[in-house]
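Letters A, B, C and D mark the chains as written, and numbering starts fresh at 1 in each.
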Amino acid sequence: MIDLGPHAVFIIWAYLGVATGVAGLIGWTLYDARATAKKLASLEARRR
Amino acid sequence: MSIDTTPKQSWWNRIAHPGQFVAWTTPLLWPLTILTAVLFVVGLWFAFFNSPEDYQMGDTVRIMYVHVPNAWLSQFVYGVMAVSALGTLVWRHPMADVSMKAAAPLGALFTALALFTGALWGRPTWGTFWEWDGRMTSTLVLLFIYLGIVALWRAFDDQLRAARVIAVFTLIGAVNIPIIKFSVDWWSTLHQPASVFRADGPTMPGSILTPLFVMFFAFTFLFITLQLKAMHTEVRRRRVMTLQRKAAQGSTA
Amino acid sequence: MSAFRAMLVRELRLARRGGGDVLTLVLFFIIVGAIVPFAVGPDRELLARIAPGMVWIAAFLAMLLGLDRLFRPDHEDGSLILLRQADLPLSAVVAAKLITHWLVSALPLIVASPFLAMLLAMDVETFWRMLISLLVGTPALAAFGAVGAAVTVAIRRGGLIAPILVAPLSIPVLIFGTGSISATQSSAALLFLAALSLMAVALAPFAAALAISSGED
Amino acid sequence: MTSRQVFPPLSLRATGLVCGRGGMALTRALDFSVTPGRCLLLRGANGSGKTTLLLTLAGIVAPLDGVFALEGSDAETGPALHYCGHRNAVKPRLTVAENLCFWAAVNGATGLSIDAALQQVGLERLGDLDAGYLSAGQSRRLALARLLVSLRPLWLLDEPTAALDAEGHDLVTRLLDNHLDMGGLAIAATHDPITLPDPARMETVVLGARP
């Protein structure tokens, strides 16, 4: 990695924070999508 | 509310039908995801490997590459919500309710990330994590509004009635944001002049601007992709609710 | 014992699905704390000095806000009457509700207090003392709140009256709470606070149960 | 009595019982006794004190005068009555099964299993549906299911057939009859008539004729 200068720790923390935030958001969106789809499938199956 | 009221099937009415909207936009999901990923890779490469440090701030300017896109998104997502709110109230467009509900948590997170990166950028430049300066404070108030809207969505049982009420609050919020911005700026003296979109154009050299714009588009497409995916989920969740209601009526023994 | 556990499980499940109650309380706590600089001005020394008091007042008001959720829903849908015929005594029911009330309203505030401390420019040592004082003091607030909520559950507009009843009772908690944050003789204040909390939590279920059963509806 | 005797021989006796709210008497001095296997039907216009009488017998409201007692019940077996009022005590955000499981755990799971109780009241296919989606009649059935999951000798029913359809009436009659077979007692306040297969088990008291 290139030299990030004296305040490297803040830069790394910033990118780490954003990375976890975005990863969490993507994870939650996918999880919610799958859970709702599964519930919908089970309800559709039960209705027929 | 009957959806296809007008005789001619303009595309505006056709995407009004949830099933239709999902069918049309699902093929868009994968290309958008790939585009977002590519933009992020290029952006990060530019940010870390191919841009000089700022003459004043040194390397901390690299935090700006994530801070400014998030700050911009916090405003942009609220704009999307305000337009959806208009769609709900004026044209009673069912997909407007869905997009408004899907956008709220995304906006809240981008605003929170803007504050987080702003605090980390502030530490070396101002010496403290949190400084009551104009832009940071108005972003904080915007975060409160977002979280209020998320709490409002969770508090309602009946989602359809909720959409119109929350649309009213979103519009009221939209009107108040400029007022808040102005009053906060007036209130705080310590304020860094907006260096990117100033009237006489950006004051930064091209080499810093390119990573900024690439990251900017990367985050915007990330939002669009997640928004579409969340809208699909919301459409399915409403279908689940109607099926549950039918299940209750269907089986009165 | 399983009845008590079933009560706890139900209360926690209701709180989790209760439509964003926790988020509302934490938001209220942070907003009350965050508006202080707007009123007082952004300079850091003043903020740092009044920060402990502000955090305690914010926690105090947020917990009063959460009181209405304690007994009123059960009163309105008829569960409270039935709980008086349950296998476990009414005071055990109130104890379960008190524990859940603390978990749902006080704990999220304590988890969110670092953000408020940062906003109010609180230094790190004071922050740790504040965290301990909140941990030790909020059970007393929850207990007094439970008694206030139980007394006003039968009154139609009771939700407004409960805070007025609970506020005077909680003044000692506020005094020792902020006292235990300030640098001087903070350990004595902390001990008083702990004693207050223990006493309040021990007596509240019985007092609240008595209040509910004597308030015929 | 019948072979499926479940409850200990209890009987409810009231002498000179005057019930009221806020010091204002709503009923005249009542004297009645309900022996095992029998049901007392309370009739009377609205506001004639039926609900207040039931609340008094449930121990929620203190009687203005007179005394009532459940003879034969020893205190430490815990509360011996089920009260089923107008409100169904159903939490909309919990599922049907969760609501019932809670009441079974809190009142002691001495009666039917959750599924069997739901089967009895015709809600077996809605077990994992949020109770908020139930209609008024279905919520009423869930409230009735609560009586089945824990065995209590005395039933105090306040308009059990409210919001129920014709089929629901038969359900209430069947449950009541079954309860009386098991040696239980019941006091029901109702407007529409409940006709038990064996009418001899039913007595009617008309409230409202104040002295």
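As a working rule, contacts are C-beta pairs under 8 Å (C-beta built on N, C-alpha and C of every residue); 3 or more make two chains touch, one makes a residue touch a chain.
Owing to the predicted nature of the structure, the values given are computational and were not obtained by experimental measurement.
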{"item": "Target chain C, source chain A, minimum contact steps", "value": "2"}
{"item": "Central chain of the complex, centres being mean CA coordinates", "value": "C"}
{"item": "Most widely separated chain from chain A, with each centre as the mean of CA atoms", "value": "D"}
{"item": "B-C or A-B, whichever has more C-beta pairs in contact", "value": "A-B"}
{"item": "Centroid distance [mean C-alpha coordinates] between chain C and chain B, Å", "value": "34"}
{"item": "Computed distance of Cα centres, chain B from chain A, in Å", "value": "15"}
{"item": "Separation of mean Cα positions, chain D and chain C [Å, integer]", "value": "38"}
{"item": "Approximate Å spacing (C-alpha centroids) for the pair chain B, chain D", "value": "55"}
{"item": "Shared-contact residues (touching 2 or more other chains) in chain B", "value": "157, 244, 247"}
{"item": "Two or more partner chains touched - positions in chain C", "value": "19"}
{"item": "Chain pairs that touch, as defined at the top of this document", "value": "A-B, B-C, B-D, C-D"}
{"item": "Residue ranges of chain D in contact with chain B within the complex", "value": "92, 122-123, 125-126, 129-130, 132-135, 137-138, 165, 167"}
{"item": "Parts of chain A lying in touch with chain B, wherever the complex brings them together", "value": "1-2, 4-8, 10-11, 13-15, 17-18, 21-22, 24-26, 29-30, 32-33, 36-37, 39-40, 43-44, 46-47"}
{"item": "In the complex with chain D, residue positions of chain B that touch it", "value": "157, 244-245, 247-249, 251-253"}
{"item": "Residues of chain C defined as touching chain B within the complex", "value": "19-20, 23-24, 27, 30-31, 34, 37-38, 42, 44, 118-119, 121"}
{"item": "Of chain D, residues touching chain C in the complex", "value": "21, 55, 58-62, 78-79, 81-83, 85-91, 93-94, 98, 101-103, 105-108, 146"}
